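For reference, chains read A, B, C, D, E and F in written order, and residue numbers begin at 1 within each chain.
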Amino acid sequence: MSVKKFMFVNRKAPYGTIYAWEALEVVLIAAAFEQDVSLCFLDDGVFQLKKGHNTKAIETKAFEKTWGALEDYDITKLYVDAESLAERGLTADDLAVPVEVLSRAEIGKLMEEQDVLLSF
Amino acid sequence: MSVKKFMFVNRKAPYGTIYAWEALEVVLIAAAFEQDVSLCFLDDGVFQLKKGHNTKAIETKAFEKTWGALEDYDITKLYVDAESLAERGLTADDLAVPVEVLSRAEIGKLMEEQDVLLSF
Amino acid sequence: MLHIINKSPYERPALDSALKTGEGAILLIEDGVYAAVKGGAAEAKIKAAQGKFKVYALQADLEARGMIDRVTEGVTVVDYGGFVDLVAEYKTNQSWL
Amino acid sequence: MLHIINKSPYERPALDSALKTGEGAILLIEDGVYAAVKGGAAEAKIKAAQGKFKVYALQADLEARGMIDRVTEGVTVVDYGGFVDLVAEYKTNQSWL
Amino acid sequence: MKFAILVNEGPSTHKASDTAYQFAKAALAKGHEIFRVFFYHDGVNNATRLTTPPQDDRHIVNRWSKLAEEHKLDMVVCVAAAQRRGIVDEGEMKRNGKDATNLAPGFRISGLGQLIEAGIQADRLVVFGD
Amino acid sequence: MKFAILVNEGPSTHKASDTAYQFAKAALAKGHEIFRVFFYHDGVNNATRLTTPPQDDRHIVNRWSKLAEEHKLDMVVCVAAAQRRGIVDEGEMKRNGKDATNLAPGFRISGLGQLIEAGIQADRLVVFGD
């Protein structure tokens, strides 16, 4: 099977809606198909990566641990928009996994290089 | 049955979602229950009242005519936020029915006087 | 009256719109709790609003998002029971959806 | 690439975010077509973007909203067939949901 | 105090139904009465008994059914919204010529008048949506 | 050219399904091929045969079924998303101990792999959502 460049563009906050979680399920399947997978986090999507999620009181599954497990699936390209982080008072140290912090223009360039963009 | 003051707060654009249309169905029922009904339009909700809707190509029911019919149900209190109109390049002349254009503060005062606020 | 806001201040105008329109109390729930977090662009909005509004944020939603330890000063954290008390306390409430 | 935007510029940061990130073409659909309407605050954004982007808006959605007669200059109005042509023309596309 | 609750989004996708449920539970725990929970817009999708959420996740529909049973809650699904979205009880099945039902226990299908009545009868109406 | 379409919202509430349908129709009219239409998130709710929209309104579900029949479209509903939301075919009914099905003609339930495969096989994938 041919290998394509799939980028998952995550722009929504976690828990308020299910998009972040169901997107992650697609990411894992794309990896299982041995595609060239990358994730990019923009706008409120950067909140997905904030560490220290405790979802006990909202009785919803937390998915923080899944970020750490991505490496086991050879998914290592996680890009985060610097401006979105800064606007929300976050730095890379606040995030649950190592990421590459990029400018909007750099993210734009990466998008242009993709074959398939799946946005959530 | 006792009469309460029901205000319907419309803040969403029409057609992109069904909220505006299904909200209108509630308005008509509230009128049938002979409640003291008013409608207020804020933010993108003001787009609901723009005249000249033609939904043929999106194959969706237009509800522009329903605004005109509200008077038959004794619903005459339609309030529109001046700032939301101006930001969107609209004036009262662009709207399908006569409305009262108010400031944010005036709308806030009206909200305080209600018994039930239904927001869509 | 009580204004209930469940939208992120970075994604939707719900908070801005409520602040411009009303007075009384603001309760931040679901993605709305991001407005109660310090360090971000929303902090200044909440601080400016505190003259006119009492500001509350839902504990469960702050915890879920890993933000319970960085709540802006002056914001009162409440549980679901506190949410119920606020609705009971104010004669009217509105959800800014 | 082709950026597809279905959100109102007054309610969501989708258009702003796409403009900051990319280049190529913008297609406004559904509530996104309000960005293509002149007289509002969005007009200046679209005009500023036209150096970097070709801007298109979907006819059916403009008509539905009563806005077909007030489209900002330089915006190309397309039907669903034109939408298909744009997707075919650009190697990649992204929906800014 | 007498509360009414309006749920405007379905299970899973938006948090509205979860928050409404936690609110209802907390209100009951404090001794308040819940006059009615009304499901409108996509909220009607909370009333299907056909969901099978992952085993390690909450079961949003069953949770509502159980709460209703324990506290004799009146949970009403708007008929017009339900018809658009395919939520069907015995009566609707016959009326609309359908071949199956999917309404979960504890829910009943009725008109929008039930929402207005809830607004009139309750001391407070709280809206949960998107 | 070979297109794939992803529909992420249900019928009625959001326009995503309508726009995707009009896009699909226009693509077919121009002689393009549609490799697959994949329904994810609330998009799975487009696949229930139990809806009864108002008579003067479009029938979103039947319209998809008809398009699929006319053009032999492959319309796939994500199984995980369908389980969460209560979209059930014969196999799912038996597997999950349910007592009814609601899957509309022309749709089939399958895994997320079908979406990735569509991304690989098609020249273009277009996402419709909220």
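The rule is short, and it goes like this: contacts are C-beta pairs under 8 Å (C-beta built on N, C-alpha and C of every residue); 3 or more make two chains touch, one makes a residue touch a chain.
Because the structure is predicted, anything quoted here is derived from the model rather than measured.
Q: Tell me which chains count as touching both chain A and chain F.
A: D, E
Q: Measuring centre to centre, with centres taken as mean CA positions, what chain is farthest from chain D?
A: Checked the centroid distances; the maximum from chain D is E.
Q: Sort the other chains by how far their Cα centres are from that of chain F and give me the top one.
A: C
Q: Need the CA-centroid distance for the pair chain D / chain E, whole Å please.
A: 38
Q: Starting from the mean Cα coordinates of chain A and chain C, work out the distance between those two points in Å.
A: Spacing between the chain centres: roughly 27 Å.
Q: Indicate the whole-number Å distance between the mean C-alpha point of chain C and the mean C-alpha point of chain E.
A: The mean C-alpha positions of chain C and chain E differ by 26 Å.
Q: If you look at chain A, which of its residues touch at least two other chains?
A: In chain A, 15-19, 43, 58, 60, 115-117, 119-120 touch at least two other chains.
Q: Pull out every residue in chain E that's touching 2 or more other chains.
A: Within chain E, the residues that touch at least two other chains are 8, 12-13, 15, 22, 41, 54, 80, 127, 129-130.
Q: Out of chain D, which residues touch more than one other chain, so two or more?
A: Residue numbers touching two or more other chains: 6, 10-11, 13, 30-31, 60, 79, 93-95, 97.
Q: Go through the chains and record each pair that touches.
A: Applying the touch criterion to every chain pair yields A-C, A-D, A-E, A-F, B-C, B-D, B-E, B-F, C-D, C-E, D-F, E-F.
Q: Which of the residues in chain A come into contact with chain D in the complex?
A: Spelled out, the residues of chain A in touch with chain D are 9, 11-12, 42-43, 83, 104-105, 107-108, 111-112, 114-117, 119-120.
Q: Provide the residue numbers of chain F that touch chain B in the complex, in ascending order.
A: For chain F paired with chain B, touching residues are 12-15, 18, 22, 54, 56-58, 130.
Q: Quick one: which bits of chain F touch chain D in the complex? Just the residue numbers, please.
A: 1, 3, 8, 15-16, 19, 22-23, 25-27, 29-30, 32, 123-124, 126-130
Q: Show which residues of chain C lie in contact with chain A when the two form their complex.
A: Residue positions touching the partner: 6-8, 10-11, 30-31, 34, 37-41, 43, 59-61, 63-70, 79.
Q: For the complex, which residues does chain D have touching chain C?
A: By the definition above, chain D touches chain C via 10-13.
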